[in-house]
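Some notes on the structure that comes next.
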Amino acid sequence: MQNNKFYSALFAAGITFVLACLMIGVKLDTEGTTLAIRGATAEQWTWIGLGISLVFLSQLFSNQIDAFFGKLPTPKLSSLLPEEKKMATLKPWLIAALIVGMIIWPFMVSRGSVDLATLTLIYIMLGLGLNIVVGLAGLLDLGFVAFYAVGAYTYALLSMYFGLSFWVCLPLAAGFAALFGFVLGFPVLRLRGDYLAIVTLGFGEIIRILLNNWTNVTGGPSGISGIAKPTLFGLEFTRRAKEEGAQTFHDFMGISYSSSYKVIFLYLIAVLLVIFVIYLINRLMRMPIGRAWEALREDEIACRSLGLNRTAIKLSAFTIGASTAGFAGSFFAARQGFISPESFIFIESAIILAIVVLGGMGSQIGVILAAIVMTILPELAREFSEYRMLMFGLLMVIMMRWRPEGLVPMKRPHLELKQ
Amino acid sequence: MTETLLYLIQQLINGLTIGSTYALIAIGYTMVYGIIGMINFAHGEIYMIGSYVTFIVIAGLLGMGLVSLPIILILALIVAVIIASTYGWTVERVAYRPLRGSNRLIPLISAIGMSIFLQNYVVLAQGSRDVALPPQITGGWTFGDPSVFEVSFSYMQALIWVATFVTMTALTLFISKSRMGRACRACSEDLGMTNLLGIDTNRTIALTFVIGAALAAVAGLLLGLYYGVVNPFVGFIAGLKAFTAAVLGGIGSIPGAVLGGLILGVTEALTSAYFPSEYKDVVSFSLLVLILLFRPSGLLGKPEVEKV
Amino acid sequence: MSQLLLDVQGLTMRFGGLVAVNKVNLTVKNRQIVSIIGPNGAGKTTVFNCLSGFYIPTEGSVMFNGKEMAGLKDFQISRQGLVRTFQHVRLFSKMTVIENMLVAQHRHLNTNLLAGLLKTGSYRRLEQEAMDRAAHWLKEVDLLEFANREAGNLAYGQQRRLEIARCMVTQPELLLLDEPAAGLNPNETKELDELIVRLRDEHEISVLLIEHDMGLVMGISDHIYVIAQGTPLADGNAEEIKNNPEVIKAYLGEE
């Protein structure tokens, strides 16, 4: 038995060496017009050596390692929460406290933190939107970023060409994104799971390429800049009013200008949007359509035999998810003041998907947590920023092996028959 | 011969060249899908790694003073195939095999994670910028009227045609004649049954991945030499295109992957010849969408009947 | 002579070169229980699939209430009042019993988004009606006490009953049951027997069932069709079929 382990450990170490020897061990360098190779630095070879040893040892002692991890208790988040009945009465208070806290908080911290929080809220919105499509309806959409882009460009263009305000454009952007979702979804939603994934990926890429090349309308690679920021009943949050005859916020309030007001205002809008989306999804889950999504995910054939039109049901999830992305997109454009196709690449779709999957498909709390972790962690670990995407990919693989149901497995609200 | 005709012939030559490389990569997708019903999202990255290894070996051997090009290329091929196959094997072993049997979404997400991981791994190991290799095989044949239009058929293109043809033939012989090849075919028909018959399906599946990776490495070498440039992100688009080709021809069918690859290559060449070239990707993806909408089983596939 | 509820003429289903169903004719009148029997692999479930729209028949016509069904999609046929069950129980196992019953009534509910979001009067009324209908049927099949339990946690026999109740709550006219007695013990089979008869007598629907349990079939059927290898072999009432030499030969006798 020991012999067997030794050989398999040797084999694994050998594989690791083959993988690393050229790809890491040798570096390509362009010297003038010729291509040359350079051996890796001593430090890099040390890392390679370490890696090989690690693989060797972990294979050799794999039984002991498995036993050790087997004894560790799997974290059950549910055990941290108080029991059901107390939760029911506590919940409204908790939510109220949370909302109040979120509104007061930005006035007490630095501008940078508020800005980061706003970015997190955008990803929360996107994650919740994709959660409807992937988590609730079970449709794998790899091109979600396309709807995000539609929302952003809709606001940018409407604001630039027609001078429409942010608040007017918000529902329009959502509607336009929903329309795109309908048009895109209608032909493809009857496809099988993985085919649907690839097709939606293709759509996402098509939209990005079109945005990049339709320079007359979308500004091409340089995008659109100078996008108007949102106003509060017409009050602008700038130092001096940009619009004819408009007043600035600080003039109106009789206080001196501070750039934090703009940042906090944007943050509060984001909070409002997120609360709206959460309310929307909670209602949807308790409505017939939410039940239909769940049923469709469980057994599509049974649904068909009961008279449910699966295409219409899938389409509703797709469209609603798309409109949420439209919301997020138009807010994103308003916040940045500038958009370009660079912000809407496939990786964004993958990140949002990861948020949904890692958070727990279907679970809103899980998605929110995952979005927070995804956005804040890279900020905290600045020195590791170049490893960010690497860790991200690795994390996806690890999570699928370790805990595919996500951080917070979904707990559906069940409809009860009152006897 | 008129100019339009000569121009068209040129496009066909270019298209078939690119198309055959798509075919090589597409076979990897189609074999894996045929056997375990999963899209190996990371396959494009294997092709990219194959390209990188090719560049490393060629640059290294040239730097060491080796002059004989055929020897350099053969060595590059061997090393690239070995290393790419190892990557292919490892990816399957680490990211897919433990997840076999769970619902479709989970292995797919693992595959996406693997793809992102490999891309960024190469970014960290080799840098994210383009790496250029001076053209190694130059020259070719030309025909046509110099005053109207000259069609050129470069040696590099000829090499790609020949290499692809040889590889396909070898693969077909392997699949149809050898014992392991029969095991592959049996597994793609009915995995459960094959397992019950005592065939080591894990080994067969691993072999499928290895073969796919080897072919991707060949494509990596050929395209690396053809374009002369590689960066960590070439795998993504190439992977999507190759998958389109596999679906076009009928996923699960090797001749289908070849046919799909060639058709896709020619379509792309014709599109970029007569329309602005940025839109050629749009055409490829649109082709994918159209095929999945109207004939999801592909050109050479059999329409599936759902068992209720 | 009342109009035929279901009139199937020349139903044929071909898969490539294989003929799975070969010119099957059958009729079902109002308030009738009709059974289809035959050796395993005879194509009976394929017939069901053709009738319910899961397969598009290669040839033949399926007239339901005077309207042609062949060629329609599965969910469209179901909405016409022709619903079916499956050989393997297909419940939404992670959803509760009552939710299963509500999903089945999807098209009777107000699915308008705005109405649901704002909880309008019509929305709430229809939800309540659906709940009442669900409760009524759960009581009929004796599952009311399990209303809030996850469907997957029910015993097999209870799951079978739930499947039938779920079909009934869609207000069908014809119920297609695919081997409803499979896996049931004699007691449960007797209950099923009584349930099917009740469906015909009290709820005025017709039932077309595929079964292997000859006791059940001979006991409750008004009419029996025998299909072997996709081809009609015989039809008649219980007595005629029991004594038909062709049928006995095809079956090598049962009971």
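Letters A, B and C name the chains as they come in the text, with residue numbers starting at 1 for each one.
We take it that a contact is a pair of C-beta atoms (placed from the backbone, for glycine too) under 8 Å apart; a residue touches a chain by one contact, two chains touch by 3 or more.
Bear in mind the structure is a predicted one, so any value in this text is a computation, not a measurement.
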{"item": "Top chain pair, ranked by number of contacting C-beta pairs", "value": "A-B"}
{"item": "Of all other chains, the one whose Cα centre sits farthest from chain A", "value": "C"}
{"item": "Most central chain, judged by mean C-alpha position against the global CA mean", "value": "A"}
{"item": "Distance between the centres, which are taken as Cα means, of chain C and chain A, whole angstrom", "value": "44"}
{"item": "Length of the line joining the C-alpha centres of chain A and chain B, rounded to whole Å", "value": "31"}
{"item": "Rounded Å distance, chain B centre to chain C centre (Cα mean)", "value": "49"}
{"item": "Sequence positions of chain B contacting 2 or more other chains", "value": "308"}
{"item": "Sites on chain A at which at least two other chains make contact", "value": "301"}
{"item": "For chain C, residues contacting two or more additional chains", "value": "54, 86"}
{"item": "For the chain B and chain A complex, residues of the former touching the latter", "value": "38-39, 49, 52-53, 55-60, 62-63, 79, 82-83, 86-87, 89-90, 94-95, 98-99, 102, 104-110, 112-127, 131-134, 236, 240, 243-244, 247, 276, 278-279, 281-282, 285-286, 288-289, 292-293, 296, 308"}
{"item": "Interface residues, chain A side, partner chain C - complex", "value": "280, 283-284, 287-289, 291-292, 294-295, 298-299, 301-310, 316, 412, 414-417, 419"}
{"item": "Residues of chain C touching chain A in the complex", "value": "52, 54, 74-75, 78-79, 83-86, 90-96, 98-99, 102-104, 106-107, 109-111, 113, 116-117, 127, 131, 134-135, 144, 147-148, 166-167, 170"}
{"item": "Complex contacts: residues of chain A adjacent to chain B", "value": "15, 18-19, 22-24, 26-28, 30, 33-37, 138, 140, 142, 187-188, 191-195, 197-199, 201-203, 205-206, 209-210, 212-213, 301, 346-347, 350, 353-354, 357, 386-387, 389-390, 392-397, 400-401, 404"}
